[in-house]
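Heads up, the next two complexes both have chain A, just with different partners, chain B and then chain C.
The block that comes next holds the complex of A and B.
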């Protein structure tokens, strides 16, 4: 909160300006999608969305609503730029990543507009750091066209049940196969590695299952290397919703509660592995 | 078992499930026999008059990977089901976890011959039994990298443990650690005085950790240098055996280079059984306080080894017999550390003693 360094003059109009008392509310969420160096930031009146993509098959989005910030203003309808997520995270955690109780890094973020760098003012214990990160032309983002009306199967699980499973996934398997069905095995994660195959089954009446809406038996395979980074989001979250549409596109939505109890979301979208047309059970 | 070998042999028997491993040089063998009572349900399958109970081997790493995190297993796993499906060529391990979650692992296996080491605890001259803790505390004094240790019996019934130092090593650069345990630290001591054996500590440590964790007393059966040492753990539902080759005595210079360093337990064949008995009888009567098996025993052995090893080395053997006191140390080492056995060759014809035959030997 206290800023002894001069904040930008009130006369200037910034395309984006935001203040956050605890930078960790932003950095921890960004880490959950940090599987590529570069990210695309989109700021609208509702908040900030940071998108990371890979191989044209996977997209992760971190949403930080405007309400999380102490101050959040966007001048135009939307502001969008490409930025190095690695550098952004390094700056946000410039005072270190270990959090002593009671201390937090305060953040003020300013962006003049197209062609200007993103300015970060970070303060902790009276020490201020100013960072200027270059921005780039945003790339076109994938549109998975995933809307609730097209969803075939949906389940909501408590993250606790999946965390260990994802952390221990057999990485010698090229794919992660997900089966969702109104009949047994209901929800199954399978890998096919060097040692043999492994199946993890979650019954529909499990205590972990918060919602189970499966209409059709679907089995889809996804490249395990693409989905593995979602483990970070899973580790932070308390609940996860897993949805598939008719084409086998996968949507994973993670509900994350931050230190102050506020709710944020991270989502991952993934295309099914094209090499497999007929998936086996 | 993973400290011994890279493959886990699973053999269901009428008396329980046996898990076994052998090391690459066939100088170490271990088996864990879990009695049917250990399990909630034990169905070894039916063996017909012609067929035996199915057995297989799997990669140790694959099997261990399933039980990766012990603390989380204890917290979340209720029960484990193990199914052997020969027709599907799969060993199925199913963990039933909290919240109704089921983890099923289908491991590929290989069919295998029966893995059985040839050993007999009854025929050993010396037996020691101690709580695992006593031995663990003793062994902790040796560096983790130490390969071999010598266990010996001394005056007053004391038992000594000493790190084995090769004679080639420079005396000024080597550190020797020796510790003595009093007879009363052991639960039972029945040893031939002045006996000693040298065996691989690394392979023993694995069993020792298990014994400590399960709080079972460890029994050591040993004989003269060169004969295998047998470590056993006994429980109502579990029987564990670890058989390790021991270094032949330095003075046993009548050995051919290729037979040095590994225990001389003869292969199970009729001739040798008789010879063995007479040999043992000789040993026991001639013991009487001699520090080491003295040369008179070698003439007894040489003919037998000459018989059993009809190879070039025979001539060398006799030559060396003529030069006492110049033991071929290098050959000890090379054998002990891994001349690779070609599996399936019958014992007598091999240049290295085979503890674990591939064929169906009896114990």
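The block that comes next holds the complex of A and C.
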């Protein structure tokens, strides 16, 4: 193998260096947040967080813990860079996306630090691909200031219950309205499209409802075009937690089990749509 | 000028359809050359085709149960027709469960290839679906434009990697760049490379093997005095390469390419009954 194709020895001092036996553990999670071209990567000792934002109102984060990797080392306290997520995904899936049993792409990732490209070494069946992706200065990320103490309403649902609903959302509606309440209708998804309004209710004693902690009746609307991409994360996940705070900020947390049964998380944060007044609700 | 042919065997029909599908992916318009023994699909390297050219050859006996052809003249017993392969591909799509397919050259209002697909039916009379595919008859004085291209004086000849892997890699690279560099050496190594302002990706294949070519004096071309490690490279339009690979629906028996450094890449794909050559010129 030519010298340039060899991944660097582990002794070299890289700001970030990681190995993964099955690149799909990373690529499938990144696809769940791929609704914009660019993403911000943050690597710390706990693992990798990839953040995508849009319109200053929605943020998606994919978390891949250090334990998922066969090797994961970050030299400084944290390493952060902005990168084209589209290009990163094309590189991670260079050998194709179909998962034949027994075949997987092995990945090695190296990043020298600020100003350097992200290097990927991918191998499948004896064929090696080397990628060098330019990185940029990371943007400042939104801080939704969403912590568990501020949560007003929370439910945990099995994802299969929501999948069809999200896949079939009436996209002619500008908003998705979410009602959470200790009383009926408990949990309701509503849209107001060209053909009329649609309401989908989930009773609190439904089999799909794993946890129901609603203290206050809240109805909030979110721009549907911003939430629609979360359908990808929902499709991969087994469970989803839906939480709102006093301002109506929405947190969707998806629990995703990968091919090896390991758990990873993807979360979406969304601001409520400000254009409607209380009177309209 | 007369031409009529018939395919009855289902396997031959499917194979023939697959070949037409492959041709349709490579050329919007091409030449069909009919001789007593063979069919040729030809795309010449005019600028309008983006410089790529194609030569596909198959023995009619391997596909047709009946084949009758009378050329323009006794001493030039051939027919050259210009046609749109996608039209033929679509006609053959309706023939997947056909009892028979008949192809005939007709000239009712204008020259056409009439494809009559006989479909099974519950009643005693068959259902026949007929497609008329317009063709242009190429006059004899232009036949020289469509001669078989010579194998170029290549720097490196190498077997292609597993096409499925090559196809995945090229498809992804096509998202990243318009051009791809293909380079190989006489030690069985091939690299596919793309490079833009944003990203560079190189895929390394090894142990591919280099086909032996007999040189003009009958001896096997010797590698003596030729640097085995040195790469011959050509930068080509990635879309053309992707079309070639996407059109391969069945794994060829033999697949190789000849690289003339910075000039042209010549692909040869051999299946049992058909050979396909595709030439992609290098970007200056």
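Methods note: the second predicted complex is superposed on the first by the 270 of 281 C-alpha atoms of A that agree within 3 Å, B and C clash if a C-alpha of one lies under 4 Å from a C-alpha of the other, contacts with A are read in each partner's own complex, and residues count from 1 in each chain.
The working rule: a residue touches a chain if its C-beta (ideal position, glycine included) is under 8 Å from a C-beta of that chain, and two chains touch if they have at least 3 such contacts.
Just so you know, these numbers come straight off a predicted model, no measurement behind them.
Visitor: Put the two structures on top of each other at chain A: do chain B and chain C fit, or clash?
Guide: Fit: chain B and chain C sit side by side once superposed on chain A.
Visitor: Identify the partner contact of A:132: answer first if only chain B is touched, second if only chain C is, both if each is, neither if none is.
Guide: A:132 contacts chain C only, not chain B.
Visitor: Regarding the shared-chain residue A:164, is it in contact with chain B (first), chain C (second), both, or neither?
Guide: first
Visitor: Pick one for A:198: touches chain B only (first), chain C only (second), both, or neither.
Guide: first
Visitor: Go through the superposed model and pick first if A:206 touches only chain B, second if only chain C, both, or neither.
Guide: After superposition on chain A, A:206 lies in contact with chain B alone.
Visitor: Counting residues of chain A touched by each partner, does chain B or chain C come out ahead?
Guide: The partner that reaches more residues of chain A in the superposed model: C.
Visitor: For A:148, decide between first (touching chain B), second (touching chain C), both and neither.
Guide: The answer is neither, since A:148 touches no partner chain.
Visitor: Return first, second, both or neither, reflecting whether A:90 touches chain B, chain C, both chains, or no partner chain.
Guide: In the superposition, A:90 touches chain C alone.
Visitor: Once both structures are aligned on chain A, how many angstrom separate the closest C-alpha atoms of chain B and chain C?
Guide: Least C-alpha distance: 7 Å.
Visitor: Please name which positions on chain C make contact with chain A in the complex.
Guide: 161-162, 164-165, 168-169, 172-173, 175-176, 197-207
Visitor: Any idea which chain A residues touch chain C in the complex?
Guide: For this pair, the touching residues of chain A are 1-2, 4-5, 84, 86-87, 90-91, 93-96, 124-134.
Visitor: Quick check: in the complex, which residue numbers of chain A touch chain B?
Guide: Residue positions touching the partner: 161, 164, 168, 170, 194-203, 205-208.
Visitor: Name, in rising order, each residue of chain B that touches chain A in their complex.
Guide: Where chain B meets chain A, its residues are 59, 61-62, 65, 68-69, 72, 76, 90, 99-108.
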